[in-house]
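Two complexes follow with chain A in common, the first pairing it with chain B and the second with chain C.
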Partner chain A sequence: MFEVRNLSYKYPRNREMTIRGMNFDIRQGEIFGLLGPSGVGKSTTQKIMVKLLTDFEGSIYYRNRDLKIYDKDYYQEVGVGFEVPVHFSKLTAEENINFFKKLYKNQADTDTLMKRLGIFEDRKKKVSEFSKGMKIRLNFVRAMLNNPVMLFLDEPTIGLDPANARILKNLIKEYREGGGTVLLSTHLMNDVDELCDRVAFMANGKIVETDTPQSLKRKYGESSVEITYVKGDNLQKKSFEMETLSKNNEFFELVRNEKIVSMHSKETTLDDIFIKVTGVESYA
Partner chain B sequence: MTVLFLKELRSNWRSFRYPAFLLILLFFAILDPLMLKYMNEIISYFATGMEIIMPDPTPEAAFLSYLSDVSQIGIMVLIFMAMGMVAREKENGVTGWLLSKPIGRWQYLAAKLLALYSVIIIGLIACSALAYLYTMSLLGQAALNGSILATICLLVFTIYIATITFTFSTLLKTPLLAGGPTLLLFFLSGIINMLITNSDAANFYPNTLLSLMKPLLESTATAADLTWPMAVTTILILLMILLAGYRFSKMEI
Partner chain C sequence: MPNFLVLLVGELKRMVEYKIAAASVVVALIWIGILYLTEIPDITFIFPLLIFVDATSMAILMVGVTIFFEKQEGSLRAILVSPISKTDYLLSKVVVTVTSSVLTLIVLYIYALLFKDINLSLIGLLSAVILVAFFHAQIGFILSYYSRDFTSLLVNMMKYLFIFFMPTLLVYTGIINHELFDKAVYLAPTTAAMTLLNASTGNVESGDLIYALAYLGIGSVILFVFVLRLFDSFAAREGGV
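Right after this comes the complex of A and B.
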């Protein structure tokens, strides 16, 4: 779907490059996660790919054609949901949808989408009366106005309660099952784990790791067993590597001789990988 | 384009930007003829014990009073109304969102400009007609030709200032950054106009359109006197639109 090669970008007023030679592909029908700490260039990459920032170096191919060749018809095929939901607050939700729906040749059934996201009943209200969560859900409907074949989502669930985040994630999965492709930027590693087929971690304006979440967990995995036991009057903790557990005499001694309070297996999470790869704590 | 144009009208109407401008025009269209008609009575009411003799108001003076008030207060309200038309949307991310739809950058600007011009043209013509008719009912008929030409002068000058505001709003980052230079330019151009009013340079100066309103109403100037200032102002308007459009088409949103 997308082939990005040696992508570099510098904002006109900045001294330093924001993006420094990024390479990645997005395959048709996958959810591709672009991950990294704040300010690393995730949103900038999305803005380049939706042609809002055009003065970039390197090449981007969309459906085997140079992105620069596409005119405004490109937007007939893509849907964009920015991180900060921007709406016309003096217009109703319905007007926010219907005004812009007319711009598209292919139009989605937005009533059904609004019903599923629980904002259909409020469609006649001005958006200024909407809560933050409702604006985020409306933002998603607007990204889907044209039944896009490619969807750009920037932090789509941030600010949503768990129930609505679940509905939205289900919609994203259904969209993929229907053949849609998604570029997802987020900090939330739980969302990534649940949604993404492949992920790319960004650090210092570059992609430092790309793979499936499962492969990354294997690659960076250090599964262990953590035992909490009573020693004298105190609780003590000890970790043992899972792989060598069957040959670990210390582990067996401990289980036989001490009073065990709890025993947990610990697997590497995407959070751990995020910290390891980018060197920054995630926000999940 | 139609979609954007209608969105622009509705959005600005509901946010009270357009109504604020139209109400100001309406206010002066009704108040100025009335004030001039009853000026003697008003003055004698407040200045009891003094005898102040004012000349009888003429219909031309009443209509000019309306045009002058609009050319100052009306235009200032217009600047405040229009200073954020692009800058505000760039600042809050609406522009980026809109341009990720099948909307060309020139289309985006054109819809905004058309909506603004429509409100100015319709508002000014309607309120000027109202002011003219109201003046006629209170004080008698002002010269029709002169009134029409003076209104056209005000209309073109207002569009000129609106275009300056729009250009700054397109080029600069925030509404305040756009409004400040426009207001400064507006006041500065008024001062320059006073300095050059009797020189040949005045023929090529947009503010001359305002200076000509009085002689046009008094029939001491003709349509021919408008040719150069009108042509220069129109060219400036077109150049500013081209500048705004060109810069915006290259802008990283």
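Right after this comes the complex of A and C.
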């Protein structure tokens, strides 16, 4: 869907490049996560890919055509979901959606989307009366109102309660199952783990790692079992490598002979990988 | 419906919902109040002055207000990633702004016809208002691009009015009467605007009229091209993803 090669960008007033030679592909029908610490260039990358910044170096091909060739009709087939509310607050939710919908040739069934997201009953209310969560859900409806083939989502579940976040994540999965492609930018590693087919970690304006979440966990994995047991009057902890557990006599001795308080399997999370590959651990 | 019309209808609807239209009506009522309080029965020579104030400052303000509402609420971001051309987007705002100035003119003219003596060319005044409001809508865009927030827009607008508007008014009302100053104000767009509006009274020399028409006509085209060019960097700045 997208081929990004040697992408570099410098804001006119900055001395340094914000993006320095990024390379990545987004395949059709996948959810691609773009991850990295704040200020690393995720938003700039998205701004370039949605054609808000045009004077970049390198090349971007969208559906095998140079992105620079596309005009405003590019937006007929992409949807952009923002992290912050982007509505006319003194218009109703329905008026907002209808205004934007009329700009597109391909129009989605937004009533069904609003019903799925639990805001259909409130569609006649002004957006200023909406809670933050309702505005975020309305953002998603706006992003989807043209049945896009490519969807850019920035922190789509931030500000949602777990139940509504679940509904929205299910809709994103359904969208992918229907052939849609997503570029997802988020700090919530649970969302990434659950949704993304592949992820790219950014550091210093570059992509430093790209793979599936599973492969990354294997690559950076240190899975172990941690046992807490009673030794005399004290609680003691001991860790064992998961891989060699079946042949580890010390582990079996401990389980047989000591009073076990807890036993936890410890796997590398995407949070751990994020910290490791982006180099953001502590500012102290 | 073509996207320009969708934008135009949306702009008009928001003018009503955001009470911008109501504010415009209040301003028109203030002008009527001023006309009411004027003891001179024949207001032919005062009338263009009121229209001048409205078509210049209100045009700047209306464009600025709509852009800042969109910036403040984030709806500008949604607009920037929609399948609309920047020309359509900007022109829809210009058309609504010019329409508002024209409506104010019509309301004031009807009042003047009913309750005062007035003798000027409505068609001439109407054409002048369209050109003056169009020109100043472009000024509104430029000031909005370079203003961080609504307060700084108001400050920038006051600077514009102080630099261009005041000298024109001082010369027009005869408060300042100096040859050098009289010539210097020809550089100001507000003087061209005043001349054009005043031409409807038949009290302007044809050389001055041609100069004013050329200034505002050519100036509007140049400014619109400039506004279009500046829009890209404005969009990149405001269209955070």
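Note that the second predicted complex is superposed on the first by the 278 of 284 C-alpha atoms of A that agree within 3 Å, B and C clash if a C-alpha of one lies under 4 Å from a C-alpha of the other, contacts with A are read in each partner's own complex, and residues count from 1 in each chain.
By our rule, a residue touches a chain if its C-beta (ideal position, glycine included) is under 8 Å from a C-beta of that chain, and two chains touch if they have at least 3 such contacts.
All figures in this text were calculated on a predicted structure; none of them were measured in a lab.
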Notebook entry, point to check: Are chain B and chain C a fit on chain A, or do they clash, once the structures share the same frame?
Noted result: clash
Check: Can A:Asp154 be said to touch chain B (first), chain C (second), both, or neither?
Finding: second
Item checked: Contacts of A:Phe100 with chain B and chain C, given as first, second, both or neither -> both
Item checked: Contacts of A:Asp73 with chain B and chain C, given as first, second, both or neither -> both
Note to self: Is A:Ser43 touching anything from chain B or chain C once the two structures are fitted on A? First, second, both or neither.
What the structure shows: second
Next item on the list: Could you list which residues of chain A make contact with chain B in one structure and with chain C in the other?
Entry: 12, 47, 50, 52-54, 72-73, 75-76, 78, 80, 82, 84, 86, 88, 90-91, 95, 99-100, 102-104
Checklist line | Touch list for chain A against partner chain C, complex | finding: 12, 43, 46-47, 50, 52-54, 72-76, 78, 80, 82, 84-91, 95, 99-100, 102-104, 142, 152, 154, 185
Margin query: Quick check: in the complex, which residue numbers of chain C touch chain A?
Written below: 1, 3, 6, 10, 13-14, 17-18, 73-75, 77-78, 80-85, 232-233, 235-236, 239-241
Check: Which residues of chain B touch chain A in the complex?
Finding: 3, 6-7, 10-11, 14-15, 92-94, 96-97, 99-104, 252-253
Next item on the list: Would you mind writing out the residues of chain A in touch with chain B in their complex?
Entry: 11-12, 47, 50-55, 71-73, 75-76, 78, 80, 82, 84, 86, 88, 90-91, 95, 99-100, 102-104, 126
